[in-house]
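Here it is, the structure, as structure tokens.
Naming follows writing order (A, B, C and D), and every chain is counted from residue 1.
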Amino acid sequence: MPKINKYVDIDTVEREAKKDLIDRHSPFITVEGVAKKCEMLPVKVKMGNEYTHPDDFDHYIESITLFDGETKLAMATFVPGTLGNEKSHAEVTFNIRPMKNKLNLIAHGYCTKHGIWESTPVVVEVAE
Amino acid sequence: MPKINKYVDIDTVEREAKKDLIDRHSPFITVEGVAKKCEMLPVKVKMGNEYTHPDDFDHYIESITLFDGETKLAMATFVPGTLGNEKSHAEVTFNIRPMKNKLNLIAHGYCTKHGIWESTPVVVEVAE
Amino acid sequence: MPKINKYVDIDTVEREAKKDLIDRHSPFITVEGVAKKCEMLPVKVKMGNEYTHPDDFDHYIESITLFDGETKLAMATFVPGTLGNEKSHAEVTFNIRPMKNKLNLIAHGYCTKHGIWESTPVVVEVAE
Amino acid sequence: MPKINKYVDIDTVEREAKKDLIDRHSPFITVEGVAKKCEMLPVKVKMGNEYTHPDDFDHYIESITLFDGETKLAMATFVPGTLGNEKSHAEVTFNIRPMKNKLNLIAHGYCTKHGIWESTPVVVEVAE
């Protein structure tokens, strides 16, 4: 409390409305390319995989935060209208630079109506 | 994950170092005055009650977020040095205006070394 | 560009609509108590002095930022509804700790419809 | 005040130290692909073109904000260490969706030691 809603595989969910609710609120992390120690690494976080989320004034994705374990790496904040007030995937690509052998990436998305949603963690092996 | 550390009454904690760790990282919410519907209500959030937290460049309180249930009301962001690089209680007073009968206030503090810490919830009865 | 709108004394402004526009968007800084070096100092920033600003979903005060000269000290971020969707003075009190003899406080407020507005600077003499 | 430092073409600057100061603090905006009305448009903002900026605890790029004219579209916030505490180009790619014929993109970067820096504006013609 505030509840941290966690992603569950929507293939295991029966009700269509619930699939939609879960998917459109969940952050999906994609690491672009191969992680190498001390080199820049683009990490994309996209809200919703199959379902889009409103960008209404009273209902929008206000922020996306990227963590490595318990450490906040970066946060993006949006306003209603960033996505043209149309249903969309809010998305941001952060550039980070790993200095250790393993990252444990996790993202939070915040919806102004449905609270905090957490991605599944993405473990990244970092090459020397 | 990221772990949300929750406040526990430090009187129940034995080790001094652990008392200090918990107390200095926990947000404490104080509602100033009586909450009346549709009137402005100052809500103070102070990090640490008995123990102070460093304000070092590599170890400081970066943000305090206030929620009503799952709804974010306001967030304050700090930089290292806001508190003169001295051990302190990071503190912010937000003004909110309740429009319903009950608030369920809860705060998160974020420490750049020790992650997210959650206050105990403060239920506020709002007079008509 | 983005234009930084600066406060002008509304007594010098003739048109009522313009007085209202300027006043309700301008941050007003109040230092509470006497500033002493190395002691905590509450600094209140209030949007609008005589005129209130909407807290509508498509028109609200999204943030207040406090600077000392060119250095950001703290930032507060709000969502529409923090102020009950009623016309109000958005307001936040930051606690800072001055370590030098003089502060040059200045605040920015951001309105989602009317952009960035800058307060008049407040010079604070800090006692030893 | 706070001063908004504006980018000037460093080819017109003589002193190497000044070229470095200006370039590494300036946000550079790149629109990826062709802007089409109502379609998602990635906008990259990179701090520094030829010169990199420290990512030290007491000296780092704390935020990048993207505006369309006077309207804030999105803001990214970083912590020291996002870039491995190595000299780097802080960089973020926001996804926006233009709904009108022309964008007037402009970015602000904030350095914890050298304040606010503004990009040159990028006018984007949006195809129907």
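One rule holds in what follows: a residue touches a chain if its C-beta (ideal position, glycine included) is under 8 Å from a C-beta of that chain, and two chains touch if they have at least 3 such contacts.
All of these numbers come straight from a predicted model, not from anything done at the bench.
Q: Over half of the interface residue numbers used by both chain A and chain C, so same, or under half, so different?
A: Result for this pair: same.
Q: Could you see whether A-D or C-D has the larger number of C-beta contact pairs?
A: A-D
Q: Using mean CA coordinates as chain centres, what's the gap between chain C and chain D in Å?
A: 25
Q: With chain centres defined as C-alpha means, what is the inter-centre distance between chain A and chain C in Å?
A: Using C-alpha averages as centres, the distance is 32 Å.
Q: Can you list the residues of chain C that touch 2 or more other chains?
A: In chain C, the residues touching two or more other chains are 62, 71-72, 77, 79, 112.
Q: Select the category (line, ring, star, complete, other) that matches the graph of chains linked by touching.
A: complete
Q: Of all residues in chain A, which touch chain D in the complex?
A: Chain A reaches chain D through residues 38, 40, 42, 55, 71-79, 81-86, 88-99.
Q: Taking the touch rule as given, give the residues of chain D at its contact with chain B in the complex, in rising order.
A: 56-58, 62, 77, 79-80, 112
Q: Would you tell me which residues of chain B are touching chain A in their complex?
A: Residue list for chain B touching chain A: 1-4, 62, 67, 69-72, 104, 106, 108, 110, 112, 114-116, 121.
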